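Labels run A, B, C and D following the written order; every chain starts at residue 1.
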Amino acid sequence: MALTRDQIAMRVAQEFKDGDYVNLGIGIPTLAANYVPDDISVMLQSENGLLGMGRYPTEAELDPDMINAGKETVTAITGASIFDSAESFAMIRGGHVDFTVLGAFEVDVNGNIASWMIPGKLVKGMGGAMDLVAGAKNIIVTMTHTDKHGNSKLLDACTLPLTGVNCITRIITDLAVLEVSDGAFILRERAPGVSVEEIKQKTKGKLIVPETVAEMVV
Amino acid sequence: MALTRDQIAMRVAQEFKDGDYVNLGIGIPTLAANYVPDDISVMLQSENGLLGMGRYPTEAELDPDMINAGKETVTAITGASIFDSAESFAMIRGGHVDFTVLGAFEVDVNGNIASWMIPGKLVKGMGGAMDLVAGAKNIIVTMTHTDKHGNSKLLDACTLPLTGVNCITRIITDLAVLEVSDGAFILRERAPGVSVEEIKQKTKGKLIVPETVAEMVV
Amino acid sequence: MSGFDKVVTDYASALQGLEDGMTIIAGGFGLCGIPEGLISHIKTMAVKELTIVSNNCGVDGFGLGILLEDKQIRKMVSSYVGENALFERQLLNGELEVELTPQGTLAEKMRAGGAGIPAFYTATGYGTPVGEGKEVKVFNDRPYILEESITGDFAIVKAWKADRFGNCVYRHTAQNFNPMAATAGKITVVEAEEIVEPGEIAPSEIHTPGIYVNRVIKGTFEKRIERRVVAKENV
Amino acid sequence: MSGFDKVVTDYASALQGLEDGMTIIAGGFGLCGIPEGLISHIKTMAVKELTIVSNNCGVDGFGLGILLEDKQIRKMVSSYVGENALFERQLLNGELEVELTPQGTLAEKMRAGGAGIPAFYTATGYGTPVGEGKEVKVFNDRPYILEESITGDFAIVKAWKADRFGNCVYRHTAQNFNPMAATAGKITVVEAEEIVEPGEIAPSEIHTPGIYVNRVIKGTFEKRIERRVVAKENV
């Protein structure tokens, strides 16, 4: 069965190693923070200028000067640092953030990603997404495998305006974990109860299916 | 009579306006700090990362972590700021420093300056001089009018490797105050007791002598 | 040090010289760390045809959003806009132009503008609409695009504490774009929650050295919260 | 947060992985703010053919100067060198190469290296020997040269206080090149006067966020003064 949003987030959190600095996009990526295994720690970077983002504040802690990149009120952990936007993106652009997790409209077999603009619809902007995909050492895209009309979001070539090129190496959807390599998607894991056949059907871009495809543990 | 080093410094200090941020090079320029008129204040920038450089320390104040760009122990005034070298040169390169005063081997009629390298002699480096001449809004060169062999340091074209091009607009020597404009030196002031004739003789580059040339007040 | 006392006591003095058609660089991220009083006074001044460089454009009725009400903004340079209905309407009508710029590139463009760096290469935006028409150069087998710096006629900045010499510190994440904005204005105006005497902020703790700042004014701030999220359980 | 505890207790661990032929970026200005213990250990390790990027090269017998004694340095990238006789001798003998770089350009090259900016334009050095062979581009009628960024295999940094997560503050003008160096090493090692617990340095007062730092070691510092100048009169 297709994973829930929380299950996708759970699977994302399994990618993290102890000591990773991680930037989580809005939506499913943010949920991943709830599922970091107990025996490891990661530190969250929020691109508005906070390294060591903590939980949401209590009423008593609420502070308008303390927000995250989603403009939500937030707290800082002990040992956090706060800095300006140029420094924040120096970290990101300079490859100091270990993982970036973000959503997408489309990803293609060359690791291109489209996530910010649908022609004909009002464009609000890319925010920090283009910097993040250009800068992070490892990027994980989380998304549903198909759109609401059932069309594959994994393509041979993105059709929407790009956010970045040749930058995506790992995708976690509600159906599968895939690697992007040498012009193809490589199926690494399937969601519990989801058949390889279903994934094949719902993946429009070139898909390589190894002999064994593990079932995700979520 | 030719000015002393202190008199040159005195004349330099007359250029400053209340509220100016000033970077003073090593030697005569540094002396100018002693002659800032009582009714104005300037703030000294030291390019190793100090804005608001103060006097030398007493024995009690001596601190190895508190030095100026000449690597001398120094103090900070009340209201000083201390920052890293990138920030320091952002100030300089970005044109936020109002005045830079520095010495030179040669200056020419196009405002080129040579101040850091004599071929055949060991070259120690340019330090911050190239950044300073490229960045300051106003640059004043202080030097003796001639070298120890009596050769003019004010030329039609510098012969030594340059520190910067088209950047010098004002020169204060032991004999004169000159402006650099439209491919010529314009004689603005002469030292007390120094004749226009002597200055003409000792200036190799094209010199324009206006009808009236004031005598310096030092 | 009278020549370094930058404190002004009224907004008209703080924004003197601001004219139609000028470019203003504004600090702030969303509604966090915005110079509220300076923005209000720009509305009062009724200057028009402004280009505003700011990560966002406020919301309906607050922050930079209020400058849309009388169509004072001709162009926004931002990474994310349209949190308000008026913005969308003016954009669709063609009354407002938007130059979308990646957030990190925007921050770096301001910093570069203040630092005398006219342009820099970045991988951000290569191969996307942002890279179109821009010079491409390959370093270590990776293509980068050339981005030019930004400076403004004015910069408007929100500080927590500023001293009379213009030295500033920012509070928490209200820092955001403010330090870069401060460096990039021909005239930089700081609106601070508190004005202190020189020396009250330790030299190495100053975020913005006073050399970048031309005028300082004490403001009062509403500090509206854009997305109020409170922890669900007791912690 | 054990994965973020960066403290090591011996210099061998602090510099593990440093090998012949590597590039080291070093903080410090003259003898001010230099990682004394790390430099001494590099001498002990006897690694050779090093490229060192540092504003200066110490003096005879102190600071980076001690790495000249066994000819460990192949190349210096600096703005001002030759404060020691050994340096001059090796330079004249051709045993040592020097790439002279304007001080502000050097600082910016380190910052750019750490910030993922491969190159930037600056007016500094245009028309001088520094500009020779470099790309020139005109912006607003002024010519600028293209300067490429610098990164190192290692960066060695001297902090005043560092916490276990690697967050650093620097003391007075011992800050200088240290914050940029910290960002530009593949492996960044901080030698601090004092190691404190996370939270002891306020988040907005941190000069170098821990994300840039791989290892932290407590050092003891002689802090030799290069030019001891004391006020002549009582003040």
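Everything that follows uses one rule, which is that a residue touches a chain if its C-beta (ideal position, glycine included) is under 8 Å from a C-beta of that chain, and two chains touch if they have at least 3 such contacts.
Values in this document were obtained by computation on a predicted structure and should not be read as measured data.
Asks: Which chain maximises the distance between its CA centroid and that of subunit D?
Replies: A
Asks: Counting C-beta pairs in contact, does B-D beat B-C or the other way around?
Replies: Spelling it out, more C-beta pairs touch across B-D than across the other pair.
Asks: If you average the CA atoms of subunit B and of subunit D, how many Å lie between those two points?
Replies: That gives a centre separation of 29 Å.
Asks: When the C-alpha atoms of subunit B and subunit C are each averaged to a single point, how far apart are the two points in Å?
Replies: About 35 Å separates the centre of subunit B from that of subunit C.
Asks: For subunit C versus subunit D, what separation do you get between their C-alpha means, in angstrom?
Replies: Using C-alpha averages as centres, the distance is 32 Å.
Asks: Measure off the straight-line distance from the CA centroid of subunit A to the CA centroid of subunit B, and report it in whole Å.
Replies: About 55 Å, centre to centre.
Asks: Find every residue in subunit D that makes contact with two or more other chains and list them.
Replies: As it turns out, subunit D has residues touching two or more other chains at 108, 111, 115-117, 122-123, 170-172, 175, 203-204, 207.
Asks: What residues in subunit B touch two or more of the other chains?
Replies: As it turns out, subunit B has residues touching two or more other chains at 50, 76, 82-83, 89, 92-93, 134-135.
Asks: All pairs of touching chains?
Replies: Those chain pairs satisfying the definition are A-C, A-D, B-C, B-D, C-D.
Asks: If we count contacts the way the header does, which residues on subunit C are in touch with subunit A in the complex?
Replies: Result: residues 29-33, 55, 78-83, 88, 91-92, 100, 102-108, 110-111, 122-130, 160, 170-180, 207, 223-232, 234-235 of subunit C touch subunit A.
Asks: List the residues on subunit D that touch subunit A in their complex, please.
Replies: 1-4, 111, 113-117, 163-165, 167, 183, 198-199, 203-204, 206, 209-212
Asks: Which of the residues in subunit A end up touching subunit D in this complex?
Replies: The contact residues of subunit A facing subunit D are 17-21, 40-43, 45, 50-52, 76, 78-83, 87, 89-97, 134-135.
Asks: Sort out for me which residues of subunit D touch subunit C in the complex.
Replies: So the residues of subunit D in touch with subunit C come to 108, 112, 115-123, 137, 139-140, 142, 144, 148, 169-172, 175, 203-205, 207.
Asks: Please give the residue numbers of subunit B that touch subunit D in the complex, ascending.
Replies: Those residues of subunit B that touch subunit D are 46-50, 55-59, 62-68, 70-74, 76, 82-86, 88-89, 92-93, 112, 117, 122-131, 134-135, 161-166.
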